[in-house]
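When the chains are written out, they are named A, B, C and D in that same order, and each has its own residue count from 1.
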Amino acid sequence: MTFLNFFINGISLGSIYAIIALGYTMVYGIAKMLNFAHGDVIMIGAYVCFYAISRYKLPAFVGVIGAVLICTILGIIVERLAYKPLRQAPSLAVLITAIGVSYLLQNSALLMWSSNPKFFKPIIARGAFKFFDGQLSISHITILTIATCVLIMIALSVFINRSRLGKAMRACSEDKGAAQLMGINVNATISLTFAIGSGLAAIAGALLCSAYPTLTPTTGSLPGIKAFTAAVFGGIGSIPGAFLGCLMLGVIEIFAKSYISSQLSDAVVFAVLIIVLLVKPAGLLGRMTQEKV
Amino acid sequence: MSEQNKKEALPQNKNGASPLLKVDNINVYYGSIHAIKGISFEVKSGEIVTLIGANGAGKSTTLNTISGLLHPTTGDINFLEHSIVKIQPHKIVEQGIAQVPEGRRIFAQMTVRENLEMGAYIQSDGNEIKNDIEKVYELFPRLKERRKQIAGTLSGGEQQMLAMGRALMSRPKLLMLDEPSMGLAPILVEQIFKIIADVHKTGATILLVEQNAQMALSIADRGYVMETGKIITTGTGKDLLSSDEIKKAYLGG
Amino acid sequence: MAIKKFINLNLKQRLSLKRTEAKKIFMTYLFVIVSFAILQGMSITGTLSSTMEGMLIPICAYSVMAVSLNLVVGISGELSLGHAGFMSVGAFTGTATAILLQNLIPLAPLRLAIAMMTGAFFAGVAGFLIGIPVLRLKGDYLAIVTLAFGEIIKSIFNNFYLGVDDYGLHASMLTDTTNLASGGRMIIQGPIGISRIAKISTFTAGFILLMIALIIVFNLVNSRFGRVFMAIRDDRIAAESIGLNITRFKMIAFVTSAAIAGAAGCLFAMNYSTIFANKFDFNTSILILVFVVLGGQGNMLGSIIAAAALTILPEKLREFADYRMLLYALILIMTMLISNNDGIKYFFQKINPFRKKQEAE
Amino acid sequence: MKRNKTKLVPVPSKAMIPDRDVARAPVLECINLGITLGGIKAVEDFNFTVGRTEIAGLIGPNGAGKTTVFNLLTKVYQPTTGTVLLNGQDTHGMNTVQVNKAGIARTFQNIRLFKNLSVIDNVKAAMNNEMKYNMLSAILRLRDYRREELAAHHRALKLLSIFDMQDMADLRAGSLPYGAQRRLEIVRALATNPSLLLLDEPAAGMNPSETAELMDSIIKVHEMFQIAIVLIEHDMSLVMNICEGICVLNFGHIIAKGTPEDIQSNPAVIEAYLGRKK
């Protein structure tokens, strides 16, 4: 029964990773860049949410919406100021800029909110559903997390595959020049992608800190990296792949923490990633694209 | 509204005063490389005009400059008597210029139909888009057979058809084709040129860039010969075809 | 005939890769030697500030790191995000060796040299083991996996215990179960790392290491090996088609780079009295990558200058106290934006007399 | 460097055209070669023999599987069925690198040069397998390093001079004009000492006068090295002028083999590929 508990916790953690990873991979797909600052947007979202709920005593959903709005705007601003001028630059230059943005966000947070950890108040009441005489307990936040994740997954899949803007995003991620020749405003489409990704990051931040309530300026970096790793693990560019990869990673991480060692859990997670990539170099659900000769 | 009328009136006066597209002494640089050195030409409504010349002469650069993907440092480009040099590429599509890029550049991961829908991105009326897709299918029956196929799995000739169909979806007043015959088998080259002629019959104005000078000149009203960023000769298709100099340099005669 | 038309003879001479290459290499050696001479002179005469004095060895270590990473990123074209991992391996194994040899070899420079070689050896072995899986991957996948390896190495050293007593070496993972006999000494103590290190690194040692690293990298690059590294970087498929064994050459570059990083790690560690695994985390890997990118991929002199500048910069920013890292981040972003701005690039090309003539043609 | 000129022997042979070179084994024999890519039989029952000094052409509509055949020969893809014999030796289980060492070199449809290397380094890279000095020699600049590098340098210059490119040796390969890049790719392939040279659309993107120059170059290479050349090309003037034998592919199948004259008048080929003459 403890096994089942761990498993559900793993799924819950994986769901948070999945929400982060969706934003990460969408941006990766369209801008072809590893946006290392994505994790820090999560942190900003969590802080906004924290201040709205704990300091200004606003209702939780207002806090979350506020966080989403602010992160969306932040995402667009960062893209416009830091990444857009580098559209033609080599990818490594963009990577370094993203790292610079990450430092910038972290240190701004440090100045504004200090390095003292904040104790995050969950966005819904603490409590749990108990089964089998309390042997199996599923907390409310776990259910909310998993439900939110599934909802976002479905909405995003429909948006990308069916809607006009979603198709424009796919077109841009394949060939920006050709997309422009179709009359697609590439810059606006990229901004939209950053906006959606950052909005999702804010939601992930609120959920992450509801489940793991200590909030510091570096809260976002490791989950950000892990979520991206999980997306690679699932097969980058594939939404179901990212989802599956993140769930598996969450479960593996919780199991490693519980059964092996909490200090080594990250090492185990990364080791599994490496093994998977060795067996399936394009990730679990990724397509191996043979370079045309 | 008067603007609208003028546009519709244009196809009739084929040799009328104002050309559809007028390129006026443009200079284009890639970094420090002077790729286009002050070229001027015009395309009148209803014409097929071709730019021919060797690899690296600046033909594609010219098209990309008209599409707004590149910007001239000096000079002007007028489309329907409005300057378009400072306009972003996606706005230029809205003005009525569509380009079939070199190497086709279809969206390889999307289906044939989705590709065509992307071509109609600037249209908003769903029914019209559907009608337009049907029209494209009429022009290219092969595409209809393959409408649900992922575009990347099409053969080269089919991809070229898709790229042309996609460009037509925006209902362009000027269709620019960049090397449509590149890398195609002789039989397909003939087909593609036949299709270009068909498209032209439907009233489209065409600016064609080609290596295959023979073919291009045989369907063109007028041609311009480019060499290292400059236009060196111009004339009607027939004149250029029979010119000894051109024959020697570009037609392998 | 048609080809010659395109190539103007003067232009050709100016564009000659061979000459620019040779000039660059010469300038790099010259810069390093002159800088060393000046700094060493200032150090001896006491005109160097104590903060600067304290940064000399880290600058050397980071320069070597940057040069070694440039071999992978710039020359071989593979993005590695876990280079600090090799630094870590070199630091721990090298320092442990130095401690073990403390009584055996009283001569500090010799002990340091042996320690660095041991560090290089173990880092090279780690590079080989990591290279087996990593080098089968491409692009961003490879980057993510090197990142993962960096984290794994960090986790391992964070949980590794090593001690020595009269009965020999004792090691354990997770918890300290070494149970040393009395008189034994703990060398590596998990998250606390190694403490009570005899600081035997010197600026001269750092200079020599940097020169060796440069000689290795430059001479490799200008041999059949470097040619193949760059060929693979430019076009993998074409490289295979002319019979180049991709995995083998990637491995050579990767292991060489790892070994040099190991030596640098050892130099770095032996400049401090304590060293622990978290010192070599993802941020350190990124920092080194920043040196390479700022300095220019494939440009060793650039790497060294960037490493030195970015090591000094945070110290110089200290007077801004809390805003220090914020400014650092801003400078980083601005540098990337400016150095990749077409307008500015074009401006520099224009004022460069060399280019102007080319344009005139 | 030079191979001996083979005698022309009029013996009936499996080599398509001409009936010569068969006193010794042909350089390449494909027997029932086939591959399935993504569920589609991209190439099937490909039987093809190339004589030791033959120039053969591979033509056919786009998507017919021509480049796939090259990819099968160079093991970019492993064939699902059939055998490739190179100089009588089965290439089964070999990879691209081993096949190159066994004697096949190629160029690519989309030029694949080492763009940031100098012209001469592109050629020297292809000579890597004949250089034997180790890393220590390289780092310490020992004698074998100097000797082998010097030898390679001279040979590379000599090869470049075939195409009159020795003056460009130190230029960046990516900065060369298009035609020169195509030539350099051929030189690079030659530097690996192939017995069979595969050219994938060497005249693509060239105008007629450039194509004519290229044609002369190919003939020159053929005469100098006495090697077999197989080329894929859409430019019929080139194919019909220099190929001794032509093989036409359509939908992965061979629809015709024969001399240029045969091919030009073959109704199946006209139907599928050439189109009717105006």
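The rule is short, and it goes like this: contacts are C-beta pairs under 8 Å (C-beta built on N, C-alpha and C of every residue); 3 or more make two chains touch, one makes a residue touch a chain.
Every value quoted in this text rests on a predicted model; they were computed, and no experiment measured them.
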item: Starting at chain C, fewest touch steps before arriving at chain D; value: 1
item: Pair sharing more residue contacts (C-beta pairs) when A-B is set against A-C; value: A-C
item: Taking each chain's C-alpha mean as its centre, the one farthest from chain D; value: A
item: Between chain A and chain D, centroid-to-centroid distance (C-alpha), Å; value: 49
item: Euclidean distance of C-alpha centroids - chain A vs chain B, Å; value: 43
item: Where chain A and chain C are represented by their mean Cα positions, the distance between them in whole Å; value: 31
item: Centre-to-centre distance between chain C and chain B (centres being mean Cα positions), rounded to whole Å; value: 51
item: For chain B, residues that touch 2 or more chains besides their own; value: none
item: Contacts with 2+ other chains: residues of chain C; value: 237, 342
item: Residues of chain D whose C-beta touches two or more other chains; value: 76, 108-109, 177, 179, 209-210
item: Interface residues, chain A side, partner chain C - complex; value: 28, 34, 82, 85-86, 88-90, 92-97, 99-101, 103-104, 106-108, 110-111, 225, 228-229, 232, 236, 261, 263-264, 266-267, 270-271, 273-274, 277-278, 281-282, 291, 293
item: Residue ranges of chain D touching chain C (in the complex, touch as defined); value: 74, 76, 95-97, 100-101, 105-106, 108, 112-118, 121-122, 124-126, 128-129, 131, 133, 135, 138-141, 145, 148-149, 152, 164-165, 167-168, 170-172, 175-177, 179-180, 183, 188-189, 191-192, 209-210, 213
item: Chain D to chain B touching residues, read off their complex; value: 38, 59-63, 109, 177-179, 201, 204-212, 234, 236-237, 272-275
item: Residues of chain C that touch chain D when the two form their complex; value: 1-4, 6-7, 12, 15-19, 215-216, 219-220, 223-225, 227-228, 230-231, 233-235, 237-246, 252, 256
item: Footprint of chain D on chain B - complex, ascending; value: 54-56, 153, 155-157, 182-188, 190, 211, 213, 248-253
